[in-house]
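Labels run A, B and C following the written order; every chain starts at residue 1.
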Amino acid sequence: MRIGTAPQTYAADHALLDTRTQWAWLAALGLALLAFPFMVDEYWLYLACLVAINVASATGLNILTGYTGLVSLGQAAFMGLGAYTVAALEARFGTPALLNLVAAGVVAMAGGAIVGIPSLRVKGLYLAIATIAASFIAHFVFANWTAVTGGTAGLSVPPARLFGLALDTSFRIYWLIVPLTVLMVAGAANLFRTKIGRAFIAIRDRDISADVLGIPLLRYKLLSFGLSSFYAGVAGGLWAYFFRVVTPESFPLLMSIFFLAAIIVGGMGTILGGILGAVFMTMVPELLKLIVGWLPFDNAAVVLSPVRTMVFGALIVGFLIFEPHGLAEIWRRVRRFFHLYPFRT
Amino acid sequence: METQATPGPLLQVGQLSLAFGGVRALGGVSFEVAPGTITSVIGPNGAGKTSLFNTISGFYRPDSGAIRFEGRDITRMPAPRRAALGLARSFQNIALFRGMSVLDNIKLGRHAHLRTNIFDALLYFGRARREEIALRADIEHRIIDFLEIDHIRHAPVAALPYGLQKRVEMARALAMQPKVLMLDEPVAGMNREETEDMARFILEVRAEWGVTVVMVEHDMGMVMDLSDHVVVLNFGQVIADGTPAEVQRDPEVIRAYLGSGDHEDLRRRLRGARGETIAPPAAAMAATRASSGASAP
Amino acid sequence: MSFDWLFLLEISLAGIGTGGLYALTGLCFVLIYKATRVVNLAIGEMLMIGAYVFFAFAVGMALPTWLAILGALVAGGLLGAVVERTMIRPMLGESPISVFMVTVGLASILVGLVELVWGANPQRLPEFMPQDPVMIGEAFIASKVFYGFVVAALLVAAVLLVFRFWRGGVALRATASDQAAAYSMGINVPRVFSLSWTFAGALAAIAGIVVGAIGGISSTMGVFGLSVLVVVIFGGLDSVLGALIGGLFIGLVEAWAGAYLGGEYELLVTFILLVLILMVRPYGLFGTAEIERL
């Protein structure tokens, strides 16, 4: 049971975590993340990297859709912008990886800002549909601007070079992806302790009142689009370094749906929700692979892809109907139980 | 009470006209608000009071006319800039942000005056943290204590009862460091006690903060007791403009909105309309306050 | 000046032919939107199910064509009814975006289902329409496109008549304007919801059969629905007339883009058009604008 933990300074009240126990758990998680690569095999390292990339991108989408209320089905397209930026820069200039990643973020951010320009007039559902259109236009550019993107064949990406070391294994690239993801998530958590995060939430809840209260709507909507696509761009760049090849089919609309599902399942409008949702959605296909592998019929592998598609859809529908606040809400309820024990919730 | 450095009206509305398709919401509305006063805008439902507020805030662009704030023409100024200049308001139907706690809603009011940029925000430690803590301290001492809402500061606004929500709205408006505070029906739906509390807050806001108050209100007791200046609207036009006493006596206002308080006259008029005798009801007749729209939102 | 007018005519006729199908599907969409205020992104996938059920009956079970069509119609209607009851009804009162995302999820489920049962490879439907090429003057039109248009036009006309004169049509329009008022007038609003989705599902199934007959069926057929989305946004989400005009217009534009720019430009042009419409006139030609109050 949790007692005697009331904050005693304003700074403490504004902190991300409430109690010393929570900070201890976070430190333990940090240690686990540090020790993890030394304790597991290639498969789990691969998964960890993939999860981290997805967490970064889902957090970005959460900023835009969960916190600012601007539904976007264009996350994959922005990741694609980032991935192609990295691939193109590596192919032409061989610039350092970190610089490429920043460039990836910036290019994606520009794309996001462009898509966001109509967001003052085009609202809600119509904006979501506009982002679908943007996705298609992006896909067209990826497939047809052969000079830069290599057309339908795509581009191959050399391994990222960090301090002269080639990050060509999952173990090595883990040390690039995970710290970056942690930074990005921490940044997002910080954002919502400040006026900018509050402005985003105000826009989601009641944008015309927000305007009259002093929040310039277009500027902040563009900021939200820009920031979330920056995240997507960096995630896309990491994706390119991880998978080492980028094609127009790497970032289909289905991937945007994947990320939307991730934040719905995880819990829109909470940082934890973005993390939980991304982890869950990345692990679901693996779990399905396991289950399908056990099933006693041949051609089980062929069944995997359609079952995965169906499960994505079912998860979206199921969570929206039964638990619209997602896994984060379930987590909160479990925590409340332990905080209040032995009292009832 | 603070005295204004610039003499002259703080807020000036000149020949404001606004139409929605064929419906004329405002037809040449003009009046002035002196600094440090409490002005009430009254009138029957549909008279254009909220449209007037929305035009002054910047939500609506008037078809013609001008708005001057501190001598500066703000007619074409976007709404967020007006807020930054010190024009704050509360809303008729509470417009709190349900996704945030009371504290966050109030902090939001200060938005236009905070300097944190995106990089500061992502980093947090440094300027953003300093600003947030300073903001918190200021809000706690000046607003939360003042409005007596310390016990609900972390509550989600959606869980609050109506009266407290209205108080949080006021708190948020105060956080905007307003020079002019526009309150749209601040005591609508409140009981006697809540109304008196709100009246007390409004008077203290004027006395201690030097804020000029403009309010739309139907509660005539509050209007007549608190206001220095009353503007009466009917069908989008100003039909009276003066002190509460003057306005109360104005025959046009009586006809359109207030009623004279003369029961005999009322019975006579009803009898004339229906052609029959009306006996006075057994219970005491309605109070002299003609709060015809008090049950509004 | 040897501009090939005949070619333009033929392309335009083909475009109008597809446009008829867009109009029909747009009608299904508008029906759902008018009755339940749901933007159904899964409309293309509902078409797909109709086509695949027809395929299953006509090829898998070797039933006569008319029976297969009937079966697909019933299946489509059933699908609409089940979806409405299990996925849309529980979301009543939620934000339109949430319901939209439910339809996104539904689309995923249907695509996965089709891939699971029938595999991801495209298939051909059996020929059941007259095969002789149709000539209008000197212009040639593929027979399937022509008859597809005829079917679409007939169905659209039938639907319009039914909703004009049948009590259910009035009930639908009443529910569309104001659910609460319709309820208090004694209209069984939940029944209107069910009927509209059932009807739309059945119609979509027929549209699916025709689309499948023209271009083959596959698990990616649902992309047809994206063009239909553009159609209804162009015409106005709640406007029947808009869906009809929009359908023909988009059909023409896509045909011209495909012929003069290249096949891969079809969807691109459609989506650029979508962006333009959203920026200039988001409520479409005939849609009702939504007013925000402070």
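The criterion applied here is as follows: contacts are C-beta pairs under 8 Å (C-beta built on N, C-alpha and C of every residue); 3 or more make two chains touch, one makes a residue touch a chain.
Just so we're clear, the structure is a prediction, and the values are computed from it rather than from any experiment.
Asker: Looking at mean CA positions, which chain is nearest the middle of everything shown?
Answerer: Chain nearest the centroid of all protein C-alpha atoms: A.
Asker: Computing the C-alpha centre of each chain, which chain sits at the greatest distance from subunit C?
Answerer: Most remote chain from subunit C, centroid-wise, comes out as B.
Asker: What is the distance, in whole Å, between the centres of subunit A and subunit C, each centre taken as the mean of its C-alpha atoms?
Answerer: The computed centroid separation for subunit A versus subunit C comes out at 33 Å.
Asker: Express in whole angstrom the distance between the two chain centres, defined as the mean CA positions of subunit A and subunit B.
Answerer: Distance between chain centres, rounded to whole Å: 43 Å.
Asker: Any idea how many Å lie between the Cα centroids of subunit B and subunit C?
Answerer: 50
Asker: Any chance you could list the residues of subunit B touching two or more other chains?
Answerer: 59, 91, 95
Asker: Listing for subunit A: what residues touch at least two other chains?
Answerer: 208-209, 212
Asker: Multi-chain contacts only, two chains or more: what residues does subunit C have there?
Answerer: If we look for residues of subunit C contacting two or more partner chains, we find 294.
Asker: What part of subunit A is in contact with subunit B in the complex they form?
Answerer: Residue list for subunit A touching subunit B: 10-11, 13-14, 187-188, 190-191, 193-199, 201-202, 204-206, 208-217, 223, 227, 269.
Asker: What does subunit A use to touch subunit C in their complex?
Answerer: Contacts found on subunit A: 71, 73, 118, 121-122, 124-126, 128-130, 132-134, 136-137, 140, 143-144, 208-209, 212, 254, 257, 260-261, 264, 302-303, 305-317, 320-321, 324.
Asker: If you look only at subunit B, which of its residues touch subunit A in the complex?
Answerer: On the subunit B side, the touching residues are 57-59, 78-80, 83-84, 88-89, 91, 95, 97-100, 104, 107-112, 114, 116, 118, 120-124, 128-129, 131-133, 136-137, 140, 172, 176.
Asker: Enumerate the contact residues on subunit C facing subunit A in the complex.
Answerer: 39, 87, 90-91, 94, 96-98, 100-102, 104-116, 119-120, 226, 229, 233, 264, 267-268, 271-272, 274-275, 278-279, 282, 292, 294
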